[in-house]
């Protein structure tokens, strides 16, 4: 009776060696310019995961049938983005070296850069599929290049033209949209758009390629996901996102890593944002589980 | 000027004798495993009902044209589910004995069992239509059989195979879905489903039958109804639910009782969950008013 | 470095003389019968506007390309609706006298009456397009004629039969709907309706006319806009509203003034209601900018 | 079992005729200049009173041993202070005519004026003892004379020089303190002061006189009573206030009416402000019960 | 880097065998009659403990110098107080059998009964020192004998007359105070009292005796500790409580077990209640550490 | 009527040239390790200052009788402490160069270092008086030397041994207290201590010296000031702090700059923390106004 239990994501109680996927947190939000709090995201996801089941009626699969390891949260240095990114890169590298899939829980969106650096070292040809309300393509933000608002611009420097597919975008500066027109594959989410409008094209284009998926949860409409720092009206539904991800993870692409980020649990007293993130994580784990 | 007023649901100021329907609360949440608070549901509905009108533009009917009695909240024993269920059964029995329709306001979903017991005593052949995010079909929960997570399993023991129609279900353990496949009529609410997809079939199947309707408000998407303990993303809209209920209550079925439950008002500082529950109650009362 | 900055809506830093549109607040909520707080609306919109961009991907326009003046908030007398309306009328009159478009930020919906009075003095033939969950057509409320619940009834006295087009209405007393049937052009928003269902008719009918647009933000579903005093389930989406407004402001009508009101920021800890209002204001300014 | 119960303050279930004291609410806050919400005060006190006992260990008395009638809340006209005050005066007059003690629950502090008008009509020589953080002695506020910030100035016009004793004052404009120096008996609550410092003097001075007690709950330090619109640091403890009131109500003065006001329950999610108000009301009722 | 960490109270990372004290949670609140939520108490204390230091400047001691084991939270059955108490008793018994001190974190106050049953089995002569706002001496509550409101009455049945010393009591029914006068040693905390007034007497009386300490955190004033279900104004300061506990744990008494309970973290958005509980637990561990 | 107003601290409407003191914000919190949010502190203080008066009954002085300039908030770079500190230093230097007193509003405590650097450049011999719950004397925090937890250690490097007087300290690591014993003048605030215990000694010791005052608002007990990231139970009262500051600013010391920091307004829905900070700022401005 008296053994103190670890706090893991529900159903992810494998050990490292036998796991095919490894969850880890990236509790960092120091460059957040507006309202901080995503540092609490990964921890909230774990705690609240006990409010959901391990079974998915969407996919008729159960987490308990797979081997997934939850590595917990590293202690990242607040106030130094570069140092934090190095630590994240090191963790992802260790996971990739053991031929497992890294699944990162942010934190602010900047943390994606750390994981992408690690993945790019392993896979020379790398594509990124981004779900996001914001383009995140600024050259710098108040002089800072390592900012959440610049993360996809930094990733573009790593993976190159045409290697980033962007879905759900409905906010940004004019210059970001101009950059996207030349360098990325962007699908705006303005009036009348559906998140899945061009997913089939992307699946076809990236068939057989190495793909990293990054989900900034604010791609979802703030009505369904209020727990985030910069809510953007007019977003996608959870069901749209789920549907799009199912197509991406249907087997044609080689998913080499993924993350979900920008959950800021304190802004949502109903707790449904965290619950949604838990459910999304379960579904993404089940989609890609081997 | 100086007469202290009772706190009733707006427009429900009939006396017991002349009433055709009787509202009562079931403020109980002791078996809630995750986040308690539904004990405050019925009381919040009454207080906030003064923010809505008695008139429905959806149905062009007005509560003030009907006789409905609001019996207030009994004091239920926290810590003893069996005793609480007995008290609920007694109240519903008294209402049914006077040939009135019981309309119960939860409380956690377990309270439905108390009302169903009473209705089953009066109507030997009884069907239940359940709107819910969760199957609630577990055999037990942590060893407890009288738990909100088991309430439809207990009801099944009373009404038998094929007598429970379930709508909106999008969460549960694998075994619950397996049980449903054999013993209930379940309509899952996964990607692409609409709440009303099979309502016409149900109306046809239950035509002329005695039907009890139970609405676990978490069937609605947490974006529209965040005030509940276990928010499940990917749910139905209020307008979908209203439309489905209108078909059910269109006259072909014999509605012998109903309840709405699982409002936990404190999780929603905007108050819109309580306001929605008030509006839903008004509409359900008007749908079935005689 | 040391100049104390004014707190303006983002991108609206013109001076009065060169401006084509003038924003001003109407922080008043004394007649609010249910839950007050809209007095904080205009101030919250300004503060939070720094969380959005000046650029609209919906319209491919940027606020920094236009001249808009933000006149801040006047100090309105709480406890005297008549005095407050006089002050609002005076401000709108001053703006109109300089041939600029007044853009008012409420406050409760009653403030619309002050602006409409000013606009009506300048434009003898005046139409109003109202987006709202509530009809606001009561003759009086608890004996008070200057109440938010009566504002469109008061406006009707000014502009006359058939001059008010109402969209999104899903709440009111029976007598309000009866009044509307005779005196206004009302489009109810019941099950199955879309906000834009009759917008084309309105655009055609009002082509070339002087039109004042008033947006009670509770026209939007409480899931997307919880920050308001009387949330009404079953409302419109932000994207529906945006689409309808784009048609209205497409050039055929002569938009002579507009307002957005009933944001009560404290009821929404996620801040998304205020963020939505900021975004809507940006879009409306860009739609009508000259 | 099926009788809908009235919502009364705990233990105050007498009928009007046999009661020696009569509680009534004054849910009005239209002149509140900063943060509204006291309109919810009286209703919150009743609901939450079921969290306390009827017995006072401070006085060894029990509410169930006395006859007190709770008359509920009248519907006061928002947006018209004069009309609201007339209604309050009418209620208090009716209570006084039956030789009972009126006990009013605000609402904002302005409501005291309505009750004092009634009391003054019955008792020609009338003293007021005020507990408050603010002097409330302004001649007008933004041109409005019927404002919460002016209420004691208006009372002074009724009762005259030297007839208002003020305790706990720690905020106001310079002119208010100058007015107090000439026309009232004011005890400031600055560093080192205790609320009871001059209570004995007041008891002696008012011995045998008719006294109305008004408690603006913000006299208590915001740490113990955060649920109010204008929290003023450096206030009194609950125990200090209780002690002072016990001396005032010890039998030497003729207490002819009293009120407690300025509870704004929504600003305090812990609920302790409402709980404190409940407890204070119980104690004040027991102190003066006959 | 990749080892998932356990979530323990800061500085309590010993293993069971070498520990002298063992922390465990009792996350149960099913009999809570008013506002539930203490089930989240123990978990919140662990999570937030990383915001405090292991070092106490009050005692000049450091947790890292001692061996303490944190056994985490058992899963207790909601809806069955008797079953939950049995599980608690079993855990405490296991700890006591290994000659370690059990330190329990509630949960509602009823959980104390489970621990006291275990302690009483080991120590025939047992005294209890209770810090609490409420007497908790009811014979039953709504017919239920196993209720938080009756816990000390149940304990009295175990330990007998004169074996319970009560401090800080300022609330209860008349009958509870009458019971205390005959059967316990009660120190009321009314106006003018200090928590430590009779601590020296208690230390002297219990010198050399086996003593269980139970701290219902609502003994502290709600201003310092708002995160609890039944806030009682007029309570003790944290510093008073700390001082009293230091005297009790100064070496003369044989402290055989202790608990702190009734933290309901969700009622306090500032988080200071949880932080206070963390700090108190650190101090109590350091006071009794061997 | 139509002039957009600046948002300044109430009563501080001087221009820069004629001002004797200059307020500026330092909205930075990137190194906050626990719960961020102090970036909103300075802005909240300005907005809420309109809820207090310009007159102090404590000092019988009025802000409108003095010339104070409020320079607003600079845009500081999140994610780069060094860059932010440089900007702060530049602002303070500009104010000092014009022979005015800088009054900084944090932000996290680290910002003090920027101001102290500027002051030290002007005044070779500089003393610091710190009010704080935490020692803030760590050599580094997670490897970072520019952290809020290290700010006084960094200041010590500038001003040297015996030049920092610390009041209210009740938390820290053992090594911090050991450092203090050798290098600073620390007054712990443990049981029984009063904040002013050694103020007279400090006034005497620093008579005629150049003194910078830094107030970490968490020195105040969390009951009075809950709006901060790391609440520490057992703190000082507002009245204690006011009294101590009055002695320090009584004329004997040469106050060359000051700051108040660590207000995190979102953690306190009652708003009393911000209101307290406003009041404290008014008092400190009046204490030192020339």
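Letters A, B, C, D, E and F name the chains as they come in the text, with residue numbers starting at 1 for each one.
Criterion: contacts are C-beta pairs under 8 Å (C-beta built on N, C-alpha and C of every residue); 3 or more make two chains touch, one makes a residue touch a chain.
As the structure is a computational prediction, the values presented were derived from the model and not from experiment.
Centroid analysis (C-alpha atoms only) places B farthest from chain F. For the pairs A-B and C-D, the count of C-beta pairs in contact is higher at A-B.
Distance from the chain B centre to the chain C centre is 38 Å, each centre being the mean of its Cα atoms.
For this pair, chain A with chain E, the centres built from the Cα atoms lie 42 Å apart.
Multi-chain contact residues of chain E (touching two or more other chains): 221, 223-224, 269.
Listed by chain label, the pairs that touch are A-B, A-C, A-E, A-F, B-C, B-D, B-E, C-D, C-F, D-E, D-F, E-F.
Chain C meets chain A in the complex at residues 50-55, 57-58, 62, 221, 223-224, 237-239, 242-243, 246, 269-272, 275-276, 279-280.
Chain D contributes residues 1-8, 16, 22, 24, 43, 47, 69-74, 90-91, 94-95 to its touches with chain B in the complex. Note for the complex: chain A touches chain C at residues 34-35, 169-174, 177, 188, 190-192, 221-224, 226-227, 230-234, 267-269. By the touch criterion stated above, chain F contacts chain A in their complex at residues 29-33, 36-37, 39, 75, 77-81, 83, 142-144, 146-147.
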